[in-house]
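Labels run A, B, C, D, E and F following the written order; every chain starts at residue 1.
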Amino acid sequence: MRVEMFTFLLTAAICLAGSAGVVLLRNPVHNALSLVATLFGVAVLFIQQGAYFLAAIQVIVYAGAIVILFLFVIMLLGVDKAEGLDRDPILGQRPAAIAAAVAILGLSLTALLSVGSRVTGQASTLAAIDGSEPNINALAKVLFTDYVFAFEITSVLLTVAVVGAVVLSRKAGSAIDVAEFPEGTTADLLQAKHDAAAVEEDVPEEVATEDETPEGEAETTEEALR
Amino acid sequence: MGIVANVQADGLAGLEHNFLTGRVEDLIRWARSHSSWPATFGLACCAIEMMATGGPHYDLARFGMEVFRASPRQADIMIVAGRVSQKMAPVLRQIYDQMMEPKWVISMGVCASSGGMFNNYALVQGVDTIVPVDVYAPGCPPGPETLLQAIVTLHELIETGEIMRRREVTGAGAGVHLDELQLPTSSALTIGTR
Amino acid sequence: MLALNETWYLVLAAMIFTIGAVGLLTRKNPLVMFMCVELMLNAVNLTFVTFSKALDDIAGQAIVFFVMVVAAAEVVVGLGIIVAIMRRRQGANADDISLMRG
Amino acid sequence: MTSTLQSHVIAGMLANDPLLSGEVGLTTLLVVLIKVVVAFVGLLLSVILMVWFERKVIADMQNRFGPNRAGPFGLFQTIADGMKLIFKEDLMPERADPFVFKLAPFLSLVPAFLTFAIVPIAGSFNDGLDGVVTILGQQTFMQVADPQIGILLFLAMSSLAVYGIMLAGWASGSKYPLLGSVRATAQMVSYEAALGLALASVLLIAGSLSTNAIVNGQAGFRWNVWMTGLVPFVIFTIAATAELNRPPFDLVEAEQELVGGFHTEYSSFRFAMFFLAEFLNTVTMSAIIVTLFFGGPSGPTFGLTNWVGVYILPFFWFFLKLLVFLCMFVLFRATLPRFRYDQVMDLGWKLLIPASLGWFLLLVAVRVGSDQGWNLVATGLAAVAGLLAGAFLLILSIRASAAKRAAVSLPGEGT
Amino acid sequence: MSDAETPSIDDAELAEESVEEVLEEELPQPELLHGVPVSESRGQVVLHPSRDEYVALVSSLRELGYWMCVDLCGVDYLGYGPNRNLPAGVAPERFEVVVGLLSHSDRSRIRLRVQIPESDPELATLFLIHPSVENPEREVFDMFGIRFDGHPDMTRILMPDEWVGHPLRKDYELGRIPVQFKGASTAR
Amino acid sequence: MTSTDLTTLNSARDRLTSDGSVLRLSETEAEQKSGYQAPTEEGLGERMIMNMGPQHPSTHGVLRLVLEMDGETITRSKPVIGYLHTGMEKTGEELTYLQGATNVTRMDYAAPLFNELVFSLAVEELLGIEVPDRGQWIRMLMSELNRMSSHLLFMATNGMDLGAVGMMLYGWREREEVLRFFEAVTGLRMNHNYIRPGGVAADLPDGWEEELSAILDIIPDRLAEFDLLMTGQPIWRDRLQGVGVITAEEALSLGATGPILRSTGYAWDLRRDQPYLKYDQVEFDVIAGSFGDCFDRYSIRLAEIRESMRIVRQIIEKMPEGDYRVQDKKVTPPPRARIDESMEALIHHFKIFTEGFKVPEGEVYVAVESPRGELGCYIVSDGSSKPFRMHIRGPSFVNLQTLPHLMKDSFLADTVAIISSVDPIMGEIDR
């Protein structure tokens, strides 16, 4: 029992620290890593409650795929800069959020602690957990019998999601604003050079200086969007 | 993670010397001399001979040196193989600075050591004006035998700790000069099972 | 020493959920907001598993399974949208996404 | 309540291992401790030997001697390398993210160690024995743990191994490593799918996720490599090579393009950890292949039931099989040119994943057919026909999309 | 002509004068090929277009099968003797740009020598006729300081951007550093 | 020769000058915009400037490439050179004609004998002397062997660049066999200074035929191994075929010569088309490709090793007896034995090595087919014993201009294959 309590407390601490990290840390990569910590904690708690398969899936799907995807996007977009937390997005949003949080937590804690250690509800008769049967087999049985329709629906959902993601992330022809990249052909450059009276101001230098100044880029796109 | 943050002198120079640290120091020197990974720093003709030294006939791997590291962070020996131009000099220095202590430099060939036959505007006359050189390998280009001799010499210096003493004296590299080896390689020597 | 029972798990889940909710409301970076949603989902999953254990009912775990699948789908699509937006606007945050209107 | 919960938990984690089914006493803990220590030390030793072995074998293939100065036959070469790296100056790049930079090597090292826990390395699987051995009077398996979810643990760890590489590249704060790590992530995530699908075929035959049960099921040369029809094995091996970032899939550290890939900025002991992790993973992956497809430690024990038949011979078989795969990986490195990034992706998505999925479906069809008592030949033929149709459609769609892409890009080329 | 002569500007001026004198005295009609004076050097055909004729000549030679511009280099004739092997009617200048053209069809080569005065070291680029001259023209600019008008990227190629001077000019020092031997008290 | 005519040539040229595949960015700006540890604000989805080299494992020495990339695709690029600039042309003006060969041999260090050859040919052209037959055949023998060693070096580096680590070592192993012969003949493994104005430095040593035929016996087997490891290797073919494609017209416009030009199907080889030495007396094939891609360039070089061996076999048969250098007191130093006997010979020897010999005024351009293409030498003589101007037309220097066009729209990983297939030698590019 002591071991169990110890495991729980440790894991709970990791979970809470991780989730706090997700909210409080400024760098998105650190946020993602904190999320991984929480996910691991939850996986351990799953194991503690006998849900082995879910624990494994939690690590494989959440940590191995979802958070990796997050990190991938963060790196791909290069948004791995620390975000300032000082500015309040909407006036009073933050106090309101805290208030709401206190309310939610207060309510649920009151509800939970008032009933003591009892869990209300009926013990299952249909899909009871049989101690002798491995957890995976039991889960598989209900998934492919009682919930087979839901299972099929989720597979459709996943397919749709994949297609959607591909369509969304496919690079449209105008993904790069050509105007931002004055890709003068050599002939153009030469022509321009001949035209321009001031030969000193080399055109190649213009090409070089104009491209990718992040601020300018953002401005032009902003204008384009409006 | 590294136990050593800044290795100017021997591995544990800061500690008081007793039997144990003495042994450990010997061990570290042994490790350093038997595992000195070269940085890939080929410049000119000498680079070809340097690569030939890594080839089957001469086999640098015997000294545990076939691990040419592209990243200077992981390399121990910089073999300046070839002439260093004025344009290259800053790059050379930058790469040297990127290498981690302890690091050793072999100046391979007369061009690197002194500018060689190209005493003109374009070349740095001696790479020791840019980085401290521990061993000079003469020749234009030095044959693989000469390079091997330079490497073996360097390894001996490292293992005996002589290199650090010399560095303290000169304030720069150890500056060991070698004679060029003119061994006939006409013998058909094939290493390995073939 | 207190005995470890279901309430502990439920309280922990409630706390994680709350933290996630606060994050969702206060952060501006859409990616971080997404992560907060994942936190809340995890809290709910933990609750499900706890009840499944308490009531000896495997159905709770089955539902967690579905939640995970749906979460994966949601993340895929959500990140797709974010990538599409961010490509156009460096450093976009959640407040700017209203620009998409119309 | 709590004690049942606890035993349940432990039984679940370590599954069928008889060691933990009864009362958990001090001896039990001792046995577990011994197993952990032996596995850890053995792995480290095997890595040291593996590095030496690879350098020697490659040297021999290239008509060279290879390391021969450090110790007899250069055996201490790896030790010298390790010592030197430990006592080398350490660096934290200016632009690096200190915490993540320090964390990353551990993230790539730890999963490699953990995976080995589920590999059975000895124990007799003949004559109805299921690999049970007796240590200090306790019955147990010759593996650190045998969880219910054994193979899923392997998948989980291999998906975690990505973190080390990804974060290392990001935390270095420079361009080459970042490119390397983005490549790595894409590659490893894609090949995990093929890996998992190839694995599914094995699980279908074995009917269990526990490695002990999988090995047990292969006793008497009913090895999965032919029970699953070779294809999953080939796919698994290719995907595993990609997962390991070994040649010809070593784009991550492709020296020729990205200098050192994700570990460009790493020096000293942190680099040694990556180095260690790479070879550790190679050993572990070979062990997993042996376990999944080649019956692990099972092999002829010549009717011996004493310690020779239980420890020595099975371990010998296991080691022999392991060596074959280590040699295979070395051979890959010595001979094959490197793939290009898009070729790796194409191979993964357009060939390996469809092929492993198709083969899995074929196996399922045969399995269902035999369960239902259908005519197996007819079932097989129908399944093959279905798969061929699917493959045809896939090829057609790939062709169509390639043609479309070419058509789109042509006007852009500017005439 | 002797190799003991030290190169100096005076000599070059002298050389120019003497050639001019020769031209004024005799005024022979230069032999023409492709409309420009031609000479021969060791059996190799050399054309001597003026700066104005240069681009048009290369262009028309290209039509005639000289498809490839194999070489383009500069020569600084500062301090060279009077005999420049120039045909009559071509006034020697300090710089020359030498262009080698190759015709694959009749397997012949032809060489162009264009005189560039020191006062105005500029020449039109061949880039739009033979893109292959991009690097060589940059090299000539780097080494001799001859600018190629219309070249898309007229920057230094071999020396660092901030380098001062043009090394292959005859009045640019070789940059030899006296060899110092270890222990020697004075430089030798 | 092929279907190339002026119209297609013109359109190719116009395409080259207008497709904007060259990144016209000065070195300093490229440095500012990127760098080895440059920031990554641009992100990977956008175009970014990347500096590759000058110290990069696959840039063959000190080539630096400034790449503009869209993700992993290269949109524009520019090779930046000069990191090995040695001032050899300037130094060459300070050295006598006899010393000149020592200088030029260090340019293309993979094929040093060709540099000496072209320099010597140019000087001889100016002097108006004819090298005796045996001297010419020895020159031919040595340069063909050098072609083999150079191409073997290419095989090694090309394999290495594409990740076939084994190939690296195999290439060196074979090259070492050839170098051993060089050492026996010239006394040095590289930078021989063997071919000098007036002939060669020394006659072939005794037993050279046996040594050569030993080499010629070994290498074909080894080349068969290359075929096994590379030519027939599916990954190898995938990596090279269709990568870095160039047409004959583009190659002509860009001045590309050697294997790059021949890979396009345009069979132009100076050995056959403008014969020098005694190439008109040996039989060999000019290897041409058909697609102009990296694989063609690789296989042309592989086949040229075989052709070179064919030529070497013929040379062994046909090697005439006689002098190996001109017997002209003005140019040739007296034989070593005579110096000990005669005071006159000693003075002669002293004078020729201190003052050198005078070369009549004039200018001349001579070209030979080096392993990388047309290697030319332009010498202006003012009648003194030192060249007034010595210019080397390095094939790599000109061939390097094809890089941006070859690399346009290819992947970062392909750049390595492409650079490798152009086979640049920086010593010759930067001189």
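The working rule: contacts are C-beta pairs under 8 Å (C-beta built on N, C-alpha and C of every residue); 3 or more make two chains touch, one makes a residue touch a chain.
Heads up on the chains, UniProt names are A, B, C, D, E, F = Unannotated protein.
The structure presented is a predicted model; accordingly, all values stated were derived computationally and were not measured.
Visitor: Select, from B-D and D-F, the pair of chains that is joined by more C-beta pairs in contact.
Guide: B-D
Visitor: Return the chain whose centre of C-alpha atoms lies at maximal distance from the corresponding centre of chain C (Unannotated protein).
Guide: E
Visitor: Taking each chain's centre as its mean C-alpha position, how far apart are chain A (Unannotated protein) and chain B (Unannotated protein) in Å?
Guide: Here chain A (Unannotated protein) and chain B (Unannotated protein) have centroids separated by 49 Å.
Visitor: Roughly how many whole angstrom separate the Cα centroids of chain B (Unannotated protein) and chain F (Unannotated protein)?
Guide: Distance between chain centres, rounded to whole Å: 29 Å.
Visitor: Roughly how far is chain E (Unannotated protein) from chain F (Unannotated protein), going centre to centre by Cα mean, in whole Å?
Guide: 25
Visitor: Residues of chain A (Unannotated protein) that touch two or more other chains: which are they?
Guide: 1, 4, 50, 53, 57, 65, 75-77, 79, 135, 175, 185-187, 189, 204, 214
Visitor: Pull out every residue in chain E (Unannotated protein) that's touching 2 or more other chains.
Guide: Touching at least two other chains: 127-128, 152-153, 158-160, 167, 172, 174-175.
Visitor: Which positions in chain B (Unannotated protein) are in touch with at least two other chains?
Guide: Residues 56, 70, 86-87, 120-122 of chain B (Unannotated protein) each touch two or more of the other chains.
Visitor: Residues of chain F (Unannotated protein) touching chain E (Unannotated protein) in their complex?
Guide: 1, 6, 9, 13, 16-17, 22, 24, 26-28, 81-82, 85, 87, 89-91, 94, 125-126, 128, 252-257, 268, 273-274, 358, 361-365, 367, 374, 376, 378, 380, 382-386, 388-389, 391, 393, 397-398, 400-401, 430-431
Visitor: Using the touch definition up top, name the residues of chain B (Unannotated protein) that touch chain F (Unannotated protein) in the complex.
Guide: It comes out as residues 40-45, 47-49, 51-52, 54-57, 70, 82-83, 85-88, 91, 94-95, 117-118, 120-123, 140-141, 143, 184-186, 188.
Visitor: What residues of chain D (Unannotated protein) sit close enough to touch chain F (Unannotated protein) in their complex?
Guide: Chain D (Unannotated protein) residues touching chain F (Unannotated protein): 58, 61-64, 93, 95, 173-176, 178-179, 182, 247-248, 250-251, 254-257, 259, 333-343, 413-415.
Visitor: Mind pulling up the chain B (Unannotated protein) residues that touch chain E (Unannotated protein) in the complex?
Guide: Residue list for chain B (Unannotated protein) touching chain E (Unannotated protein): 86-87, 114-115, 119-122, 125.
Visitor: Which of the residues in chain D (Unannotated protein) come into contact with chain A (Unannotated protein) in the complex?
Guide: Checking each residue of chain D (Unannotated protein) against chain A (Unannotated protein) gives 2-3, 5-6, 8-9, 12-13, 97, 99-100, 103, 147-149, 152-153, 155-156, 159-160, 162-163, 166-167, 170, 178, 181-182, 185-186, 189, 192, 209, 414.
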